[in-house]
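Same chain, two partners: chain A is paired with chain B first, then with chain C.
And then the complex of A and B:
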């Protein structure tokens, strides 16, 4: 009786059903996720005492002033943005032919195999992949022996990150092209368009929102990265390193929080911009 | 023309001549090769052997975009990121037709398909019938020599389909372009076509006018696919016609009466299928075999029609309406249509 009673109650009350369904994830998203983001923002408005011993909970814009006035932070911010843009562009250029081949040329069997091949690197540890690239770039390494290694530095970082995030660009593009019916390509040819005109007028417009969706991943993941640059980036620092160093070495959590707000603001601006393209419906 | 996909022969040998300005239908069950033939005319598939001639010009190796042929696709294939006008103008745009002329011709094409006020809509905002007409306008605006239609009415409901059949025929008359229409719906083919090619198993069974196909089918397959076949063969045929063979009589040519004169056969009504304006009587003949008889509900009430079940009846018909499928020059033995042949 009891169980049928509660089942009946659930049946009669759609609000209760909805609450039970959405309660736990809303708690996670609202309290833990957005809550920590708010805590981040609040922390960025605090400071540390002169000895670096503890956090002083007094409201101050000191951290923001430091961030905006010291040249080194502006340089690092621009370097990070440049890296993110380069990684995104490289991934976009590599992913278009790969996704096009997977979605429109390969047989269904090869399609499955290629999806697995694209996904496989995601199963391997990030660190292993980054160190693998360190080996590639090292003096006397495979790339160096054919004279193609740029050595450790920003270029190596960009290549490594572009490799790491490539699946995040290929998969949305593949999904977008999969939804593009073959008959659209045939219709374009039938109406007199050659291969390049079809690419430009039919494939690219369909591909664009998918590319933007992929770029959200490649861009935001690059903005937050600090490990790859440590492994293959030589002496270069990205925003992630500033956060890491302020927090661990400098023991200055409020300043770390301030710096980490930069990627948040950049991503918010980016998301607002791409919302207009309809790319968010493609995620 | 022959087309093989690996070991599968989709089109086993088709030779067709379609006249200028004709409404030509390719009718057949799914998998009979009619769509493959259409795609070879459009240039999406290359024939394994054989040629495609357009106005006496060999276009066999010519890619689709260089052929003076346009297609209306089964799923319409409208570009989702363009509005209706941009869709219709697409063919002109890629051929670098000037903006003013493009606009003018697209507007005219949309008027032809009665979608004048819809130029700014997106395809997703249109109903199935409207999308179908946009696809038609997008093809017609290029003034192709031949318009290919791949089951374009298949996705529409029955009422809309009937309307579009008449409309398509009217548009074809107005523009004077050759239409090649693929369908598996015999009624659709009969309604619109000047001539019909009946496909079966990668071959053409018969090419003829709708009336000739119906009145004088060349093969048992055609008799069965176009209308209700009412075949009598073997000993069933001997009991009625006095000799072996394959015979067909259309259901509406048979009179059903207790005292029909001259009685050609007797039997028992097994079932009555009530269809509103007409009834189908399934009559088991005493000599074996079953014939379907169609009778209009002119005087009978529904009850009296259904009451016929189990009754003994006599059937009569005019011998001129009996089709001897073994006899005519074009006729083939029963079963010939199911034979497959490897491509040379």
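And then the complex of A and C:
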């Protein structure tokens, strides 16, 4: 029974087995998804005709010229990168003590509870959380009534985004620290290292790849967001807004495609840079 | 390293503060769903359950929930099949380009949402000449859901190794028999956890959805977003938001029951 028919053939030929296993996911991700990214690049080299009648499939660098010469796009690009960096730094600074407490101080029972407490907001709707901050920052709202609200604007956007992506930074750090055996920390102390030396030479090497893994999410999610900034950002625009507005209201797919290549380039550069840290294995 | 009692206390205090920061806005949404003031006056002038009954009979919210459930269910099934296949291929075989394949699997979540959204929308409309609608939303959602199933499945496979499958093959079981009787039971709870996460991810997604849904498909997040800035709909939207917060406890509780804490950490990524 075991060697009958196709199962037998599969059993004898590992290459066939690999091909059949890998084929469908690669068709989906390699052809459909990568193909779409390639098509995005091709579309960025096209243009729309002046009357908005549709896409003109003639090769031109017009979109790139607009993108690089108009000041407004440079401002928005820098604002977006700055927001992404600020969000990543804030999340990193908040996540280290929290992850350290969860993994190395809390009792096993509390550890479980804390993991659940950190995870639960991840399951709560993204829009709900952004919207919750709209309530927090509103004029006459809870923060304003104690004089702490910056109002809708860029700082409100940074706080909201940092809030939204915080679990993505805490979890890899916690997972990394949790795998670090306590005996290693004790050994370091027994060998005469002070707390700071141990932190620097034992804890940090574990924390760093985890932080990089987390930062891929905080960075990429911020670069790709245009909704939170619409909810709490006032009149500020990020790259995502330009992409979405060109796509929908401007009906200019080629220009939207051109703008969306900026986050692609930034993320690919980032992924290439961090590939060596082993962070990608931590995702 | 032995953390001094003071350091421990400080770390604890900071963690508590961070959790307050995490839960404060969510509690505000819950509280405001009972706020008698339509404009969410602070502090609430009074409490009422009126908005909850209004939301319950909101047709727009109801049909949006149905659409979201359908999209999430189909996308999750696709992700379960493709994610498991990819995990088995990467776990059992060493081949040229293996690293590139694993990078390709995480790419849809490593690249920003607007990029995935516009790339797929552009491919569907400009290149393939498709009309944006239900199908394009499902295909897009499945694309970024594959990685969650893949992560859960491969984490379980790495932990359990290949010895049981090898033993099954040695005892004469064919490829399909081994999969049905050994691999699948081994993976069951990991796949449930991954599928659950994939479902939640799809149910909640808005950025890719706004690009690929066209005007005909209204998922729950799109409905919330459309009504967010309409003053007379605000209390109903707020109730839906509050209900989603309460319901979010359900999948996390299930995931905890299905897999250990370690794997629910992995599942969340």
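The definition used in the following text is that the second predicted complex is superposed on the first by the 280 of 283 C-alpha atoms of A that agree within 3 Å, B and C clash if a C-alpha of one lies under 4 Å from a C-alpha of the other, contacts with A are read in each partner's own complex, and residues count from 1 in each chain.
Throughout what follows, a residue touches a chain if its C-beta (ideal position, glycine included) is under 8 Å from a C-beta of that chain, and two chains touch if they have at least 3 such contacts.
Predicted, not measured: the structure shown is a model, and the values here were computed from it.
A.B. asks: For the combined arrangement obtained by superposing on chain A, do chain B and chain C clash, or do they fit?
C.D. replies: fit
A.B. asks: For A:132 in the superposed arrangement: first (chain B), second (chain C), both or neither?
C.D. replies: So A:132 only meets chain C here.
A.B. asks: Does chain B (first) or chain C (second) touch A:202, or do both, or does neither?
C.D. replies: Both: A:202 reaches chain B and chain C.
A.B. asks: Please state, to the nearest 10 degrees, the angle that the Cα centres of chain B and chain C subtend at the Cα centre of chain A after superposition.
C.D. replies: Result: 80 degrees at the vertex chain A.
A.B. asks: Could you let me know whether more residues of chain A are touched by chain B or by chain C?
C.D. replies: Touched residues of chain A are more numerous for C.
A.B. asks: Using the touch definition from the top, say if A:240 reaches chain B (first), chain C (second), both or neither.
C.D. replies: second
A.B. asks: Tell me the contact category for A:181 with respect to chain B and chain C: first, second, both or neither.
C.D. replies: first
A.B. asks: Can A:105 be said to touch chain B (first), chain C (second), both, or neither?
C.D. replies: It touches chain C, and chain B stays clear.
A.B. asks: Determine, under the contact definition given at the top, whether A:193 touches first (chain B), second (chain C), both, or neither.
C.D. replies: both
A.B. asks: Can you work out, in whole Å, how close the C-alpha atoms of chain B and chain C get once everything is superposed?
C.D. replies: Taking the overlay as described at the top, chain B lies 8 Å from chain C at its nearest C-alpha.
A.B. asks: Can you pull the chain A residues that chain B and chain C both touch?
C.D. replies: 186, 188-189, 193, 202
A.B. asks: Which residues of chain B touch chain A in the complex?
C.D. replies: For this pair, the touching residues of chain B are 42-44, 63-66, 69-71, 73-75, 77-81, 90-91, 94-95, 138-139, 142.
A.B. asks: Per the contact definition, I'd like the list of chain A residues that touch chain B in the complex.
C.D. replies: Against chain B, chain A makes touches at 181, 183-184, 186-194, 197, 201-202, 205-206.
A.B. asks: Across the complex, what residues on chain C touch chain A?
C.D. replies: Per the touch definition, chain C meets chain A at residues 1-4, 7-8, 10-12, 14-15, 18-19, 21-26, 28-29, 32, 40-43, 81-83, 85-86, 88-89, 92-93, 95, 101-116, 118-123, 125-127, 139, 142-143, 146, 151, 169, 172-177, 200, 204-207, 210-211, 221, 224-225, 228, 237-238, 241, 244-245, 248-249, 251-252, 256, 261-262, 264-266, 268-269.
A.B. asks: Provide the residue numbers of chain A that touch chain C in the complex, in ascending order.
C.D. replies: Residues in contact with chain C: 1-4, 7-8, 10-11, 14, 17-18, 21-22, 24-26, 28-30, 32-37, 39-40, 43, 55, 94, 97-98, 100-102, 104-105, 111-112, 114-129, 131-133, 135-136, 138, 140-142, 144-145, 163, 166-168, 171-172, 174-175, 178, 185-186, 188-189, 193, 195, 198-199, 202-203, 216-217, 220-227, 231, 239-240, 243-244, 247, 253, 256-257, 260, 263-264, 267, 271, 280, 283.
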